[in-house]
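To start, the structure under review is shown below, and the notes come after it.
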Amino acid sequence: MFGFVVAHLVVAVLLPLVARRSTRAAFMIAAIPPAAAAAWLLARTPQVLAGETVTETVSWVPLIGLDFGFRLDALALVMTILVCGLGVLVLIYADSYFARGRGDARRSAPLLLAFAGAMLGLVVADDLTTVYVFWELTTICSFLLVGQAGISRESRRSALQALMITSLGGLVMLLGFVVLGESAGTYRISELAAHPPSGTAVTVAAALILVGAFTKSAQLPFHNWLPAAMVAPTPISAYLHAASMVKAGVFLVARLGPVLGALPEWRYSTVAFGLATMLLGGWRALHEYDLKKLLAYGTVSQLGFLMVLFGAGTHDAALAGAAMLLAHGLFKATLFLVVGMIDHQAGTRDLRKLSAVGARQPWLAAVAALAAASMAGLPPMLGFLGKEAAFGAFLYGSAGIAVDVFLVIGSMLTVAYSLRMWFGAFGTKQGIAPTPVNPPEVQSLIPTALPALGGLVLGIAYPVANELADSYAQNYASIGKPAELALWHGLNVPLALSVLAVAGGVVLHRQRTPLTAWRNRLPTPLNAQRAYERITALLERVAVAVTARLQVGSLPTYLGIILVTVVVIPGSALVVQLTVPDDLRGYDNLMQLPLALGVVVAALAVLGAHRRLTAVLLVGVIGYGIGGLFIVDGAPDLALAQFLVETLTVVAFVFVLRRLPERFTEADSSKAIRAPKAIIATAAGLFVSLAAIGFSSARQAPPEASGYFITHAEKGAGATNVVNAIIVDFRAFDTVGEIAVLAVAATGVASLILASRHERRRRTQQTQQTPQPEQTRQPQQQEVRK
Amino acid sequence: MTINLTIAVVIAVLYSVGFYLLMQRSLMRILLGIVVLGHGSNLLLQIAGGPPGRAPMLTTARPEEMTDPLPQAMALTAIVITFALTTFLLALAYRSWSLLGHDEVRDDVEDRRIQRLEKRMETHEDSEADEADRDEPAEEAAR
Amino acid sequence: MSPTTTRPSWTSWDAPAERWLLSGFRREGQARSVLLELASRIVFPTVLVLSLYLLFAGHDRAGGGFSGGLVAGQAFLLRHLAGGRMDDSSIVSMRPPVLIGSGLTIACASAFLPLLFGGQLLETTIYKFGVPLLGEIKFVSSIVLDTGVYLLIVGVVLDLLRTLGSGIEADVEAAARGLQ
Amino acid sequence: MMWVFAVSFALLAVAALLVLVRMLRGKTTLDRIVAVDVLVTLLVAGTCVGMGLQQDGSNIALLAAFALLAFIGSISASKLVEKKEPYR
Amino acid sequence: MSWTDVFSAICLIGGALSCLFGAIGLLTFPDVTARLQAATKPQTLGLVLILIGTGVQLDLRYATGLLLVGLFQMLTSPVLSQLVGRAAYRTESVDRSTLVVDELGERIDRERDVR
Amino acid sequence: MVDRRPRRRRLLRRTPLVLWLTAVWVLLWGTFDVGTLFFGLVVALLVSVLFPSPMIRTGMVLRPLPGLRLVAYLAWDLVVSTLRVAWQAVRYRHAATAGIVAAHLSVDSDHLIAIIASGVTLAPGKFVLQIDRATSTCYVYALGFREGDEESVRQEMRLLERLVVDAVGSEAQRELVGRDAG
Amino acid sequence: MTVLVALPVLLPLAAAGLSLALGRFADLQRFLGLLVLGAIIVDAAVLLHVSDQSGPIVLQMGDWPAPFGITLIADRLSALLLVVSSVVTFAVLIYSIGQRITDYGRERSSTTFHPMYLMLCAGVSLAYLTGDLFNLFVAFEIMLSSSYVLITRRTTASRVRAGMTYTIVSLASSLLFITMIALVYASTGTVNLADLGTKVAELPHGLQVALALLVVIVFGVKAAMVPLHFWLPDSYPTAPAPVTAVFAGLLTKVGIYALIRTQTLVFSHAESWDLMLGIALITMIVGALGALAQNDLNRLLSFLLVSHIGYMLFGLGVYDVIGLTGVILYVVHHITVQATLFLVSGLITRHSGTVALTRMGGMAKATPLIAVLFALPALSLAGIPPFSGFVAKLALLQAGVGSGSVTGYAVTAGAVLTSLLSLYAMARVWTRAFWGQVKAPAPDPDPTDELVVGTASSNRPMLAATGVLVAASLVIALVAGPLGEIAGRAAGDLMHGETYRTAVLGGGSGG
């Protein structure tokens, strides 16, 4: 399985090379890997149905449990049919949909293939980290596919919205995975399912994971990215936003149902959010005029439905879920592709502008009708099987009844928008001129028709569908006798509910005009799109506000903050520890006193100096004073260096002062900021001083290193001056580094100072190169002189 | 091995003065602050070896009366490095002066721009949605 | 006295009549001083000798390549103060970057040198040999490192003179000419 | 002999502090330059006395270097003053 | 105390006193040029005396170096005096009220009038 | 007066410098043996060859006895002047007066003028504020100057000039100074 | 054998010296630089292999035993970082040569760039390899001083301020570093890191804490941890792309490295470290928010850099094997990716003539190669799988979840949020610069700044160098397994300082 996934990705990476020459070839080549994968996986169907599983593990970073674990089971198989099968069809369709050789086509072929690969990896994944890896890959692919060239602002915005919402979910889900994996000690889903973990951590993990599932599957309140993403080219919508990617969330819930389904929190939230989403999506779909938007809200609704089924955690619901999952993929793909063809030919997707398309394109209308029937849950479609099983799955307990009530209402909405969609697209409307359309190409019609036919075939051959769905549903315990998928169970409550749903849907469709009027009068308190925009705007504002307040751009402030940090953090730790050491002396050598006094006075005087040179000279006095202290301390080498360096420093300053103003510029002498600066500086200075006392009093013995240096200097280093021995031998490496710094600094000084010389030279060269009027005249003058 | 009070005071003053100068706008003052801090830290480094004694020269002093040579060697290195960097900063001050006509460290332009943006956002709270997508020229006009 | 009328300013009266230093004739008279030029003529080589003393005496007394180099640098500084721009003079034909670079290279090479004799990086070897008349001579291999340091420091100071010294002077002159 | 060194040190220290006062009071930059020069000379003298005290003269080169340094630093500073300030 | 000690003591204390007087002069004289007299020169004498005083105390081999220090000081201090004094005069830092006679100024004024 | 004699002669002319540098080396080491002397010579030669100064024929001749007399004079002047200035500092303080006197010198060579100016400047109380090299005039600043002291300052300068020329001047210069004095 | 440890330092130093001396021969300078940096890659790889197989390689300089002489030591951590860093420096050198900032157009004198660059490399290598606190200071100074020169080289009026901010803050922190060393020596009498491990433990507890915190601040400034980071976004963005790339890639990481090294070897923490975790959280969030507020691409990247420093502090704060493993992986990943992004930014700037995102557009179409070169590291930075950033992030998240402390959880959540914000920032760069219509180039403040835009007519070497680094980051992801093993072992070494200590103090010059 990993091989197929990699094959997808590798081919996708190389595909741009082909796409540059021929996009048709690119799409055809792109269809090969999913076709091969589908063939291989379908060949494993008997095995899978027999309860065997095909597993595969590719180790990536074992240390952190990051492996590619794959497992082909019934659920994976169902999803594979959708992902690979529809993938092939969409790729074939896309070739005829996109203008050949154009940018969108060149981009889409590799991206669609990469997406298919990621999706394939996701559905066969048996490892939480693997799930996440492919999950995010699909997010990125969808971002690029939705945005395309990002020419329109809307496309950029929608792509960004899809990216942000699904990545938010993905990341939260990752956190959930990590919590789950860390608390269970494994990331392998099959192992987790075999021994479901429990505890608070697991509950937290479940909640986090659900956020991921909800965002990806466009559940309330994260649903809005999905309709917005309809700016994408239709084949992409068909594949990503109907058949495969949006299923990922539902799939995840289905996949982790055996692991986390025992948690009531898991069940309640999936069912509650699912129902809400189902109703909201259906309701919104009833009021859309854009066919794609309509389908998109329909998808939202169906995803809610699926969420309910997979989240419920019972055998019957899971059975219905698996059937509906397959059914939805098949009919929604068809419907999107149909809309794509209409859009392509009619140039509009607005159902108010379309008229008599069905009359001109009967085949297309028929295919669409087939798919819409499945969507509405009419027999003998697969959709009917699923929906009926769903009604049956909740027929116990008061909570179940309540769920069923909502499901029926949701189904009514589904039927209603199915009708609206079909009549909107193909019906003949009064007062509207027939839309000019041509008969569809075969290359696009076949991929469009196949899924719808698939829905029909599976509906009729319901034992096959049952076997597929049941082998997944067996993961759950069933209440009472496990249900089966069948076209006819006899006259029972589910059948009645189905009839009720259809009837209600028809009524809703007929009453659409008053309904719309009523809806327009309703207040719209909750608008997810508005919320998203508000949140991003808030994010911007917070970002700007925080940054504007923190990043003030003022160097003194930055340094002040650093000093405050020094005082506050280590300073407080030090102050706690501080005691007056017993051996604290006033001075060690009387000569220290005048020198110290001189240094202190000069240092304080620097603060008050107005002339630059005065300040420099005072600093020089400090330096010489320090040199004196070095002599007193018995460090002649140091004193010598200090004196030499000090003189050179003064001279260097003087060199530069030749061009600077004599006095300091007093731009920042505002008294208000002087005091805090003084306080900070004093506190920091005191910190260092106290630290010096505290730290030096902590040492009791002279260091062994120095004793070693003293004993080894003459014999080992050939020097009686121990300091020199250290400098050129014991720690000669420091010296090498130190001269490197000197070399760097000198080079830097040269680079800075000579820059103006270079500039001057360049400027004069430029003036010489540009022919001056006088210069051009000169030769003539010379001639005259001759 | 505690350092004595006199030196502690010197260090406190040098560091305080250095830090204070460091927080100024005039590059020359900052530079002097760095030099003063350098003096303070070099003194601290040297004094970290212990109380005064004879120079660590085997020809003229007995080992037990010698000062610790290692901090001296390190302080020497530090002196050189501080010197090197001081001259560099000096050159930078000069370059700044010759490019800008002053030797002050002024505030960052881009940071100022964001502060202006923040002010504008505060005053137009209603138009959040528009500002969410800032790639519009309103901001460029402000530049 | 007639010559006064031809002279621009009394401040340049101090210029010596002879060329005591190699450089210095380019510089304006007002910065010159007979006393300084003559003094630096003597002090300059003396300080160089002092610097070499410090280099060689560093092993046993205060000094070393670093101090030596700095003192030598001060010698050149004196020349600069007395005589003006260094890059107009021919006393040192070496360019400071070359000097710095070779100093650094020598220092690094001295680190590798002991490897050739089976030692460790930066290991010091002490050679003692007797020379007739001169007595016993001690050669400590770390002097090579010290020499590298010395050269580098001299180069650095020369570079500072070239840049902070003459470079800025050139800028001042250019500014006076209105070029900057 | 100890007291001789002590007295010398004391005198030099007092002298240095007086010079420091001049350093602070100015009033011209040249005054300060002179003051710095004198301070260094006093430091050299003090070091010299210290050498006598310790009977260790191995580092006279130090003094030689100091004597030169004060000179060079002061010269460069005074040259700056000469250039900077207005001519008569 | 041996005779050398006495000699050394005289030199040391004399030198230190000389330095102190110089410092007093530096503090009290009215203008730069006058202070210069007090500042740099007594220091020279003081330093030389101290060098001698110390030199007597030390080994001969060390004492020789002190000679060098003295020479350096004598060589450089006049140069510095001249430069600083010159700078003082050029920058009008000389307090004119202290000058009884200024032949240099007179000549400069004369030549300026000629021009 | 730039020296244009052959190389060997020029090397010869460097001898005083080389000797001085060797002496410095030896004094610094403080060890008076052949080795030090040898290396001192090597160093001195190295320095004077690597960093040559222009050769200028000064015609300087060192005469030991007058030389000593000059040194003695300078030393004496140093001590006396120091005391005098100390007195001024204590007695007159801010009221101290001064004068700037032009002293014309007979000699017309950079080095002699420099030596004379240095000699005057070495001692406290007086220094050469400005040299007019073209006319060999030193403008001497004298502290503690009273009305009418001009001539004594000039006289002192002449005395120093004669001492210097006697000590190191060429015969021609001695004659010149003698004639001017006479 | 042990000589190999010193080569990454001494070779570039010597080469820098030669390069300075050879200032007039630009070709020789170039050749020398490439040769030496190439050699270091090989050397570093050998060091990594050997140290991983048979323990740390210790070189006692001058054959003086530790703690007396200076010890250079290549253990797993330092060797690993050395490998990554040397690859980055090599690639960036190619880029620089390609951009021709090395010789600044047609000017003959080109003495500065190559020597400074080599010095920088030497400093970085030394910082990784040294086992001595003071020598670490020297390493920092070599590295920083050359960075000062590089950032201010040929500086223009608009860029000089940035150079000042950078230089002054770095100098201030260097002075704090020296102060810290003085305090360390005053209290322990040693500067050998291995030796310090035992000596510091003998200090009173309060002093230990104060010292540890001071060390955090000293290295924190270099590593740009909030609130010590402000200088970074104000200064890095103005340098030429390759310079910023090396700074962003390496210099901050050296700070992190020093932080890790000292906090593990010298100080002992028994458990996860709440203060550090808190700093990590703030760093991540403040940096990410800063990035969102920017319109200047380089500044945006700089803020992201700050933000992601938070990740590394996070792992250090968790302070267990998995956390440190995460840090090491993150550092390795981030060095490569952050440098790459700045290089790409250079390409973008060169192409669009501006750094303002609002003035860019349509580059995905115009320059698809640059788009790809941007997208991959951008995704990696945002921690999107299967790129290198994800692996490192996952390890950190695991560490955070496993930390068992509330602070740990909070930081873990913050890390997730930061990841999202980083992705948002990157996506915005993408939507603004690469999508949309090509915009007419507006006059930039300093269009003549050749140093930023470059002067070369062909950018093929620049693309190639960037490509090499992108490939390197992919390789990191690909070999994340073995890399993770090494990092895990390195983290184990860090947690149990004995390996290091015996190698330095006990083993003499063995290895």
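All chains are identified by letter, namely A, B, C, D, E, F and G, in their written order; residue positions are counted from 1 within each chain.
By definition in this document, contacts are C-beta pairs under 8 Å (C-beta built on N, C-alpha and C of every residue); 3 or more make two chains touch, one makes a residue touch a chain.
These numbers come from a predicted model, not from an experiment.
Shared contacts of chain E and chain G, meaning chains that touch the two of them, come down to C. Between B-G and A-G, more C-beta contact pairs are found at A-G. Of all the chains, the one whose CA centre sits at the greatest distance from that of chain F is A. The central chain here, found by comparing per-chain C-alpha centres with the mean of all protein C-alpha atoms, is G. A separation of 62 Å divides the Cα centre of chain F from that of chain G.
For this pair, chain B with chain F, the centres built from the Cα atoms lie 47 Å apart. Chain centres here are Cα averages; for chain A and chain C they lie 61 Å apart. Remark: chain C and chain E have CA centroids separated by 28 Å (rounded to whole angstrom).
The set of chain A residues that touch two or more partner chains comprises 153, 540, 544, 547-548, 551-553, 555, 559, 593, 632, 636-637, 639-641, 644-645, 647-648, 651-652, 655-656, 658-659, 688, 692, 696, 699, 702-703, 705-706, 709, 716, 720-721, 725, 727, 729-750, 752-753, 755-756. For chain G, residues touching at least two other chains, in rising order: 10, 13, 16-17, 20, 61-62, 111, 115, 134, 138, 141, 145, 148-149, 152, 155, 164-165, 168, 172, 179, 182-183, 185-186, 234, 293-294, 436.
Shared interface positions of chain E, defined as residues touching 2 or more other chains, are 22, 24, 36, 44, 59, 61-63, 65, 68, 72, 75-79, 82-83, 86, 89-90, 104, 107-108. Pairs of chains meeting the touch criterion: A-B, A-C, A-D, A-G, B-C, B-D, B-G, C-D, C-E, C-F, C-G, D-E, D-F, E-F.
Listing the residues of chain B that touch chain G in their complex gives 1, 3, 15, 18, 22, 27, 30, 34, 37-38, 41-42, 44-45, 47-49, 70-71, 74, 77-78, 81-82, 84-85, 88-89, 92, 95-96, 99-100, 105-106, 108-111, 113-114, 117, 134-135, 137, 139-140.
Of all residues in chain A, those touching chain D in their complex are 590-591, 593-594, 597-598, 601-602, 605, 611, 613-614, 617-618, 620-621, 624, 627-628, 631-632, 636, 639-640, 643-644, 646-647, 650-651, 654-655, 657-658, 662. Of all the residues in chain C, the ones that touch chain B in their complex are 60-62, 66, 156, 160, 163-164, 168, 171, 180.
Residues 54-55, 57, 59-61 of chain B are the ones that touch chain D when the two sit in their complex. Put simply, chain C touches chain G in their complex at residues 95, 97-98, 100-109, 111-112, 115, 119-124.
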